[in-house]
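Each of the next two complexes has subunit A plus one other chain: subunit B in the first, subunit C in the second.
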Partner chain A sequence: MNYTIALAGNPNSGKTTLFNELTGAKQHVGNWPGVTVDKKEGIYKKNKNIYIMDLPGTYSLSPYSEEEVIARNYIVNDRPDVVIDIVDGTNIERNLYLALQIIETGMPAVIAMNMMDEVEKSGNKIDCKKLSELLGIPVVPIVARNARGVDELMDAAVFAAESYKTPKFLQVFDENINSAIDAIADILEYEHSESGYSSAEISEYSDSQNLWKAIKIVENDQLVIDTLTENQKIAVEKIITETEQYADGDTEAKIADLRYKFISGLVKKTVIKSKTGHVETRSDKLDKILTNRILALPIFAVVMYILFACTFSENFLFIDGLPSPGVWLADVVETAWGALTDTVGELISGASPVVYSLVVDGIFEGIGAVIGFLPLILILYMLISILEDCGYMARIAFVMDRIFRKFGLSGKSFIPLLMGFGCGVPGIMATRTLDTEKDRTITTIVTTFMPCGAKIPIFAMFVSTFFATGNKTLITFSLYMLGIIVAIVVALLLNKFVYKSGTSNFVMELPRYRVPTFRSVIFHGWEKVKGFAVKAGTIIFLSTILIWSLSNFNVDSFNGVNAAENEDGSNLAEMDESFLASFGNAIAPVFKPLGFGEWKPAVGVVTGWIAKEMVVVTFAQLYDDDVTPEYLEGYFSKYDSVELEEFGFENGEYDPDEAFDIYSEVVLFEGADENALHTMKQDIKTDIAAYSYMVFNLLCMPCFAAVGAMRRELKTFRRTGGAVAIQMLTAYIVAFVIYQVGSFIA
Partner chain B sequence: MTLRELNPGQEGIVTSIGQKGPLKKRIMDMGVTPGIKIKVIKVAPLGDPIEVNIRGYELSLRKTEAENITVKM
Partner chain C sequence: MSLAMVAPGEIREICDFKGKEEMKRRLKDLGFIKGQTVHVLGENQDGLILLVKGVKIAVNKGLAQMIIVK
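And now, the complex of A and B:
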């Protein structure tokens, strides 16, 4: 027999640990239609006929959050064969609240009483047998972390699925509410018999379903009430109003209260507490330090520094030249990919220039753009999952809430935004840790306003050429500040005009500190890497190929003119005659109000979408009057062989063939040549226009890799398109204001 | 008095939870129901939100949310 088992439970109850244990972490991650919540499905590793469905972690089945609606719709509409509810034994009262509601759905259910080792350690005892008798469903003690009791749990679940027994209706509510539930269930049943079902067809299941619906209707659950016919609505409305009067005007609250009262009764009968009252645990002591009034912010700063440094630092632990794990791994991957590209390049060196260029500059560059980010994502996400699993992430939100609430964001948004200074891709992927869809969407949009590592070469080149005599540091710093201010303003505006209905609250559990498991950390890092490569990879790859095609072909590529002119007989076009140049010409007027309405800067913006530092390389290619072979030779003649080797010349010998690449990717990236590319001043005439150009590149659509990551988090192309439109509009408006106001003052 | 007025370390018994609506339901779903003991553990370093202990676990709430919860000492 094939069975589907749904896993339900509170956040932090060990649900993911159990899921990984059951499935061996071989799983399929999809997303629920229309919402940004992952759906995880897996197959039980000990029986291929059993599907495990991981529901979102929830505290309740009320219709207030998307997670709760998803969890209950799955249980009630998709009807798994059995629901396993994971209960954290160390926090039994609140966890049983969800258990009661799962029993109310009438689905066969089993409780997995998790963290029994911690319960025992604390000296408490839970009588699972007694609890099982009182609840009418099996209660199996387990320790998900080391798989204790998991086989017994699965036996109980399979048995429950085979016998498919609806749990009995528990006496949770008072007389007033019970009679309302009965009356409404009667109305629902009457409709059933009217609709032509024979009495045999009105099974035990539909009875229990009616009971569940009736409870929800008494709770004034709009989603369930909306499924009723007009006649039913009129009939139930009277009952709802009457019940409400008896329940002090708030039946919902009364029901929540009664459920907790029932649970208190259960706990009294089944849990023996070793000590009374609140005892200070090791976790409490740790928390006293980590969220201490004076120490909390410095500790937070150190943790954030470590997070950032491990991922992006070139001088890790303040040791000059020591790469961080992230940078080291990225270098390894890039070197390996570069070697592979060279090998393939040599293999096909006999092929036509078009094929060669497509493979080396198009395909390999495109794939390279995807895999270059993987090490950063892996390292950052492993670190984030340590923070999540150990419980510090919730404290970050607790400590930072006060500041970020002012911008309509959550304290947890700090991490994606901070990471945005290194690279937007892992930053955007970190938005998944945020709690609401609103927070995730807004943070995703504003994270790329941060000046990431790839935007630095643009600033360096422009600042050295245009602001050589000014305060270079101040100019660069002002761009950093501008990125942050724009992010805040856009977040505020989105909050005010797009998400005006979404009131936020901060009723949040602060889970106990726990040592994260190695397995879960590796698993989360790997899951992110896979998700990025698969979901974002296509968009990055295709976009890179597209821009490559546009910049290498023109009309003459297809009528033989190029082939006749090119020495090697290929039909490739020079970049300044390519389709991209024509495109740049067409869109250039749009940028006129921003101070750079010429085609070359416009092309720079477009190639910047492949990778932001490409703006610099493109400029070197397009303003090549400045970078003649003679100029390069003169420039590098100042340096001795040791310095030349540092620049990247092999054996420290000047090589004219290498000179252009080294000049554009080393010298210009670092802004080391103040005389660089002076001809670009013909197109970008004033300092304020140069500043405006930097601002536009800082804020406009990020590179395709980041857009791919946005697509992964925002789920649909429509929402991704909307986010990109907001970014483009923001860039345009800010650059426009800066150029116009700046020019006016000057 | 309201939960907001309790100082860290002080305990109270919940008597009522504000106005009907999603926030009240959420707070009650988390276990804050009339008659239950609630203890303020600490205030966040920047002065808001606060951390309370209820039913054996730690919950954080903003001060504006704590204002809706009345308690007796």
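And now, the complex of A and C:
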């Protein structure tokens, strides 16, 4: 027999740990409420016929957040064979609130009483057998972290699925509410028998389904009420109004109250507490320091500094030239990819020029651009995962809330924005843990205003060419600040004019501090990189081929003119005569008020959508008068063989065939040549125009990979289009103001 | 009085809620109901750390203002 077992439970109850234990999957386990934002499926490692579904962590089955709706729709509509509700034994009262609601759905259910080791350590006792009798479903004590009791749990779950024993209706509510539930269930029942189903079809299943629906209707659950017919709504309305009178005017509150009362009764009968009252724990002591009104922000700033230094620093631990783990790994990967590209290039050197160009210049270059910063993402996420796992991230959200509230966002928006400094894609993915639709949408839109890792080469090249004599660090820093300020202003404006709402409130569980496990940290980093590589990879791959095609073909490619003119007989066109150039020419006038209304910079903006650092590569290709073989040889002749090897020349020997790639992707990315591409000054005439160009690339539509992530979070193409339009408009306005005002002053 | 005015270290009992339905529901799911005791563990400029049903929960002061305690 095949069975599907769903795992439900409060955030932080150990669901994902149990899921990993059951399936052998390496899902990430965080100490941050809301790790499982989507449902995940796996196969039980000890029985291939059992599917395990990990549902998002929820506090209840009311439909007020996306996670709750996902979890409850799965339980109620997809009907797994059995639901395992994971209850954190150290936190039993609050956790049983969800358990009661799961029992109400009438699904066969089993409670996994997790963290029993911590319960024992605290000296408390939970009588699982007694609790099982009182709830009418099996209660199995487990320790998910070391698999204690997990086999017994699965036996109980499989038995519950086989016997398909629906739990009995518990006497939780009072007479008033019970009679309302019965009356509404009758109305639902009546409709069913009218609908022409045979009585066999209106089985036990629809009975329990109706009972659950009736409870939800009494609870004023809009999603369920919306499924009623007009006649039903009228009948139900009367019952609800009547019930309300006997429930002190608020049935919902009354139901919650009765559920909690029932739970206190259960706890009294089944839990023996060693101590009463609250005893200060180590977590409390840490919180006194880490959330202290004076120390919190300085400590946080230090933690952030360490995080970024480990990921991006070229002078790690303040030692000149020592790369951070992130930078070092990125170098290794880039070198390896370069070698692979060369090997493939040699292998297909006999192929037609079109194939060669597509593979080497199109596919390998495009993917190489992305692969270079995967290691940075890996390191950044491993570090973020340490912060999550240990429980500090929830405190950061709390501490930052005070500041973010002023901009109409919640403290939880901090995490996506922080990730946006590394890469917008995972940043956007992280918006799903936010509470409200408004917070999620606004944060998704402003996350890509952050100067991500891929935008840094753009800044480096322009700053070194245009601001060689100025304070380079200050110029770059001003771009970072500008990204943050624009994000704040756009968030404020969206709040005021689009959502017209006040700020939402902040409420978040602060989990106990825990020591992160090595396994979890490694796998979290790996998962994120894998997810990014797969999702972003497809988009990048397709868009790379598209841009490559546009930049290598023109009309003459298809009428034989190019083939006749080219020495090698291929139909490829020069980039400055390609479709892309025509397109650049067409859109260039739009950028005139921003100070760069020429086709080459316009094309740079477009190729930047593949990956932002492509702007630099494109400039090197388009302003190739500056990068003649003679220029390259002259430039590199300044360096000795050790330095040449560091640049990426094999054995430290200058190789004219390699020189262009190394120049565009190493020298320009790092802004190491102050005379670089000076002919671009014909198109971008002033420093202000150069600054405006950097600003436009910082703020405009992010790369296709990030747009793909936005589409995932915003759900519809219409809303994604709207978000991109806002980003383009913002970029245009800000660059416009900077160029016009700047030129006026200058 | 509102929960926002309670000093750290004190334990109070919830007697009413103000504000939007949506927030009340969220609070309800986290164990904030009438008659429930709340232990204020700590505070900063704009937030409180509370202990409700043995769980630590952080809220901003604006939200705490909507929880009436005695």
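Heads up, the rule we're going with is that the second predicted complex is superposed on the first by the 523 of 746 C-alpha atoms of A that agree within 3 Å, B and C clash if a C-alpha of one lies under 4 Å from a C-alpha of the other, contacts with A are read in each partner's own complex, and residues count from 1 in each chain.
Just so we're on the same page, a contact is a pair of C-beta atoms (placed from the backbone, for glycine too) under 8 Å apart; a residue touches a chain by one contact, two chains touch by 3 or more.
Quantities reported herein were computed from a predicted structural model and do not represent experimental measurements.
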Which of subunit B and subunit C A:97 touches, first, second, both or neither: both
Partner chain(s) touched by A:260 [first = subunit B, second = subunit C, both, neither]: both
Partner chain(s) touched by A:249 [first = subunit B, second = subunit C, both, neither]: first
On subunit A, the residue positions that both subunit B and subunit C contact, one per complex: 59-60, 62, 64, 90-91, 93-94, 97, 252-253, 256-257, 260, 278, 287-288, 291-293, 296, 394, 398-399, 401-402, 405, 503, 505-512
Contact footprint of subunit C on subunit A as seen in their complex: 59-60, 62, 64-65, 90-91, 93-94, 97, 252-253, 256-257, 260, 278, 283-284, 287-288, 291-293, 296, 394-395, 397-399, 401-402, 405, 435, 503, 505-512
List of subunit A residues in touch with subunit B within their complex: 59-60, 62, 64, 90-94, 97, 249-250, 252-253, 256-257, 260-261, 278, 287-288, 291-294, 296-297, 394, 398-399, 401-403, 405, 503, 505-512
Residues on subunit C engaged by subunit A in the complex (per definition of touch): 22-31, 33-36, 39, 41-47, 49, 51-60, 62-63, 66
Touching residues (chain side subunit B, partner subunit A) in the complex: 17, 20, 22-31, 33-34, 36, 39, 42-49, 51, 53, 55-62, 65
